[in-house]
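Got some structures for you, see below.
Note that chain A is present in both complexes that follow, paired respectively with chain B and with chain C.
And now, the complex of A and B:
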């Protein structure tokens, strides 16, 4: 008789972020035990101070890479894990830390003065995890939808026939039939943001701030022109996009 | 076709009678717009609405529809569990009824009948209502200004009365029990003709009436016009989501938390989606927005006509409202008008 198959071993790693995405995963509440029942949760700083094991199957990473130490951490995760899942805007796009990507030295000096404390580590321009290692799956948004995370974890464990789509958010918003926020004078980033969240913020009357990340098929030029036609100058549009997409915009600017 | 006349004041009684057996879905106001939604009282209904944000298609092919459920532990499949309600789509314009006729011809195709669509359609009564065109309407150019078959009742407004076209026995019985139903008089028929003429004269003259659209679509297949449209497309699918006749879908499995049980779902998809024409191995047959926009317009204005003998586009104008960057069949018609003017020079 052979042993029952070993449950896949999963580790969580937290980089530069608020840890809100990891916290949000616990919001699946009554489903938490069912999800944890499928895996061997071997390392999660939020629940245990035990050290990260040497061997694991799936590495879940929250947060942006902002130090050389963090870059080494994700490289080590990549070497050991069969599957790497980046969760949350910080890991997926650079997110909020990414806003400092253009001038990390200047920002450190503004906060710490001449000498940055050793505890900060060796700072580098904040970047999404995918800028340092290959990432197999991404769960976007700030914070992640915990059920979206569960779906992606399942895809990592069992495979999935769901294709990652890159359409922009306006289409999902039109399904909600709430009317366009531009008609109410608001500037909304749904024009260029990747769909998938269900356009929940616009459905609640709040403009999209782009936390799901720029769609790889985003037409930023046409979106800027449309926003301008509604009285929002391109500079304002670009500035709003910086909140979650500074790294992608800087990369696009270099091309 | 049987015609009867009722007073406008009798319509609440008709709705109340329908509500006894059916969920009534009708146009209601939402902010500055109108949407189709379930109502519980006649007073919620806005019968004189210009158009709705999205079409009533969502009640016949829901955006997410469960095809079956599965249980991996029991190795069991439960067939078709989607709830099918007895429902009335009340206050549907002629363009949307023609749109539903197009959906019927796709999903009720005898070679590949679609049980999921058929179940919803069979449980649905359709009560149409006449309308006056708004800025983006061009149903008159798409042979969809009138609903011929495709409804159970159609309410043609004639002053403070409706000339009701009766399309089914079920609906006729409900109508007769609920309302003071009269034979149409010559005066009613004159009023109906006047109302029809008033509608015909109210279409936006800035939307050009183009003859031989399919031939022009083929003639200008390689024109730079498509790159112009593609160059500003946001790849958002808003056009397809609000369209009464976009019927493409994807199928995917969704697991419940814990992955022991799950569902196979059919979800709306669209040829404007960047991944729509991507195949195994990663090749994308329409990787550029211009190719996708052109494909959509071809299907709406040309391709469907070849197989189903009518244009898939019914001229409801919703995509023209939903699109942020002015891509719609109206722009295609205007392009053909410009080409015609150039040829005439």
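And now, the complex of A and C:
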């Protein structure tokens, strides 16, 4: 046994989030134990009271960076981990917390009044993890698909030549042959959202809300014009995109 | 031990981030805090100016475990504004969605969060070696909750199909029947859970606060009533008056707002334990017998009994879900579940459900375009914190009097916090 290679040591860290991605990973019950058999899950505050070790190989980060304390946490993780994996929309794009990025002080004042409790930490504009440190792998979507996470963890541990999808969701959605939501009078963000989720929402009759982030191939202007041609107010298209992509849109606006 | 201080930073096996701060001086508890150290999440502000269509989708992200409850609560608030009457079939599907999160939550809380304390482990994982069958069955129960949410809501968390007026998608009758059979098969284990948690030793704490739960005549309601009851003070109120009945107040050590009943000034507990106390007569027979056998009968004010109450609800929920699934398969509810038409208008609406962890309220003011002017959310955990702190102080004082050592006090306080099943990330919203 002493000659066997040490199992890779993995830690989980949760920043501002609903914990849903971590929960969703525990939702692959029967597979979870198989995955856990291959790694040394050294720190997972959600499930264990064992403290975080000083050394580890892989850090899995959920949540957006919304405080200076969280920024320090991810920098410390980056210093110690060989590989950093950002999971979920909050960590990948800023996600829902990113909606407050334009005016964090104003939003805080709206909820807490003049003085925000010290327990909230030192607030900063919500940002994806990659805005603070280099991230090696990203598992997109809100919430993550747990099998996506397993594939990415596999790639982080053992290597993989599988590349993340870059195209927009429409192609993936049309292969489901469920018909286009625009034909039913609904506005859908699949036009500009990164593919890879299997277009689960449109398949169930609900428009894509962009939780996987913008596709690098996205042409937002053309998509907005298309939505307008189908009778949707262009401002509504931009507003809908804000839900998960406010940080990226603000950055694009500054360029 | 006359003086000591106990600090637990980032308490493990709870959802979210919280610190325990307990100071005992001369045998007296002088500081007792459950500090919620969650970064501000600002949902109540972020949903302002957003359209009613997006609001449930956003509010869902308050919590990864009770996302179904946040969605259904928001839908009820919006429908109250627009005057939407949904079909009986839609009501039944919403109940299934909420019950799915009960199964997920209770199985996770009881086995992943709470049980390791009683079994002397740091996490649930050692159970894979010492009692793999128990772990498999516990995970199986959680998986059944996931499957229920996935089939009804489109995925195991953050449901897709539930919208204002109804559902965008429904499964085939055969799938409802398969689910019903799976519920039946899970019942013996749920009954075992009640016995298992009955056998765990707990100390005697009697909460001095009140208990709050949704009530309806002859029912054990979770998302079909607009009446709440303070069980100990013995009065009901209509949810429209929630802000006149419940006061939210800030506390510097906490990123969450705390709550107390305005009429009595008392803190209160809202959880499975409050529901069992409030709606005991309407529990299904097996659940009621199992509870009674485990020594849980109203009035029961020991917060540690919330663990048993959750196990009892597992039995009850499986029974109800099996019946709902069979009736859905037999087309026994007036339908359809497809969204009913409605007209957008301005107004105020209060949504109320029993989330797995207790009463959940969403208060929405919408303008004439259906955009949010003001939103207020009261989550179960935020409502529970003041009462939890009072119970922690009571427990600590009892243990100091009985000369328990610091490590024991720390463990028992952690057990008490976990018995409340707090969702600290939820409490900051």
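What we mean here is this: the second predicted complex is superposed on the first by the 253 of 255 C-alpha atoms of A that agree within 3 Å, B and C clash if a C-alpha of one lies under 4 Å from a C-alpha of the other, contacts with A are read in each partner's own complex, and residues count from 1 in each chain.
The rule is simple: contacts are C-beta pairs under 8 Å (C-beta built on N, C-alpha and C of every residue); 3 or more make two chains touch, one makes a residue touch a chain.
Here the structure is a predicted model, which is why all the values come from computation and not from measurement.
After lining both complexes up on chain A, report clash or fit for chain B versus chain C.
fit
Regarding the shared-chain residue A:215, is it in contact with chain B (first), chain C (second), both, or neither?
first
For A:151, select first, second, both or neither according to whether it touches chain B, chain C, the two together, or no partner.
first
Which holds for A:163: it touches chain B only (first), chain C only (second), both, or neither?
Touch partner of A:163: chain B, not chain C.
Quick one: classify A:191 as touching chain B (first), chain C (second), both or neither.
The first partner, chain B, only.
Of the two partner chains, chain B (first) and chain C (second), which one does A:175 touch, if any: first, second, both, or neither?
first
Just chain B (first), just chain C (second), both, or neither: which does A:201 touch?
So A:201 only meets chain C here.
Is it chain B or chain C that touches the larger share of residues in chain A?
Touched residues of chain A are more numerous for C.
In the overlay, answer first, second, both or neither for which of chain B and chain C A:223 touches.
Touch partner of A:223: chain B, not chain C.
Between chain B (first) and chain C (second), which does A:39 come into contact with in this model arrangement: first, second, both, or neither?
After superposing on A, A:39 lies clear of both chain B and chain C.
With the two complexes overlaid on chain A, what is the closest approach of chain B to chain C, counting only CA atoms, in Å?
Between chain B and chain C, the shortest C-alpha distance works out to 14 Å.
For chain C, which residues count as touching chain A in their complex?
Within the complex, chain C contacts chain A at residues 10, 12-13, 15-17, 35-42, 44-46, 48, 50-51, 54, 57-58, 61-65, 67, 104, 108, 112, 116, 122-125, 128, 139-140, 142-143, 146, 154-158, 160-161, 163, 168-169, 250-255, 425-426, 428.
Where on chain A does chain C make contact in their complex?
14-24, 26-27, 29-30, 32-33, 36, 41, 44-50, 66-67, 69-70, 95-97, 99-100, 106-108, 110-113, 116-121, 123, 142-143, 200-201, 204-206, 209, 239-240, 243
Which chain B residues qualify as touching chain A in the complex?
Touch list, chain B to chain A: 30-33, 35, 52-54, 63, 231-238, 240-242, 250-255, 257-260, 268, 270, 272-275, 278, 289, 322, 324-325.
Which of the residues in chain A come into contact with chain B in the complex?
28, 31, 34-35, 37-38, 147, 150-151, 154, 157-158, 160-175, 177-180, 182-183, 190-192, 195, 215, 217-219, 222-223, 225-226
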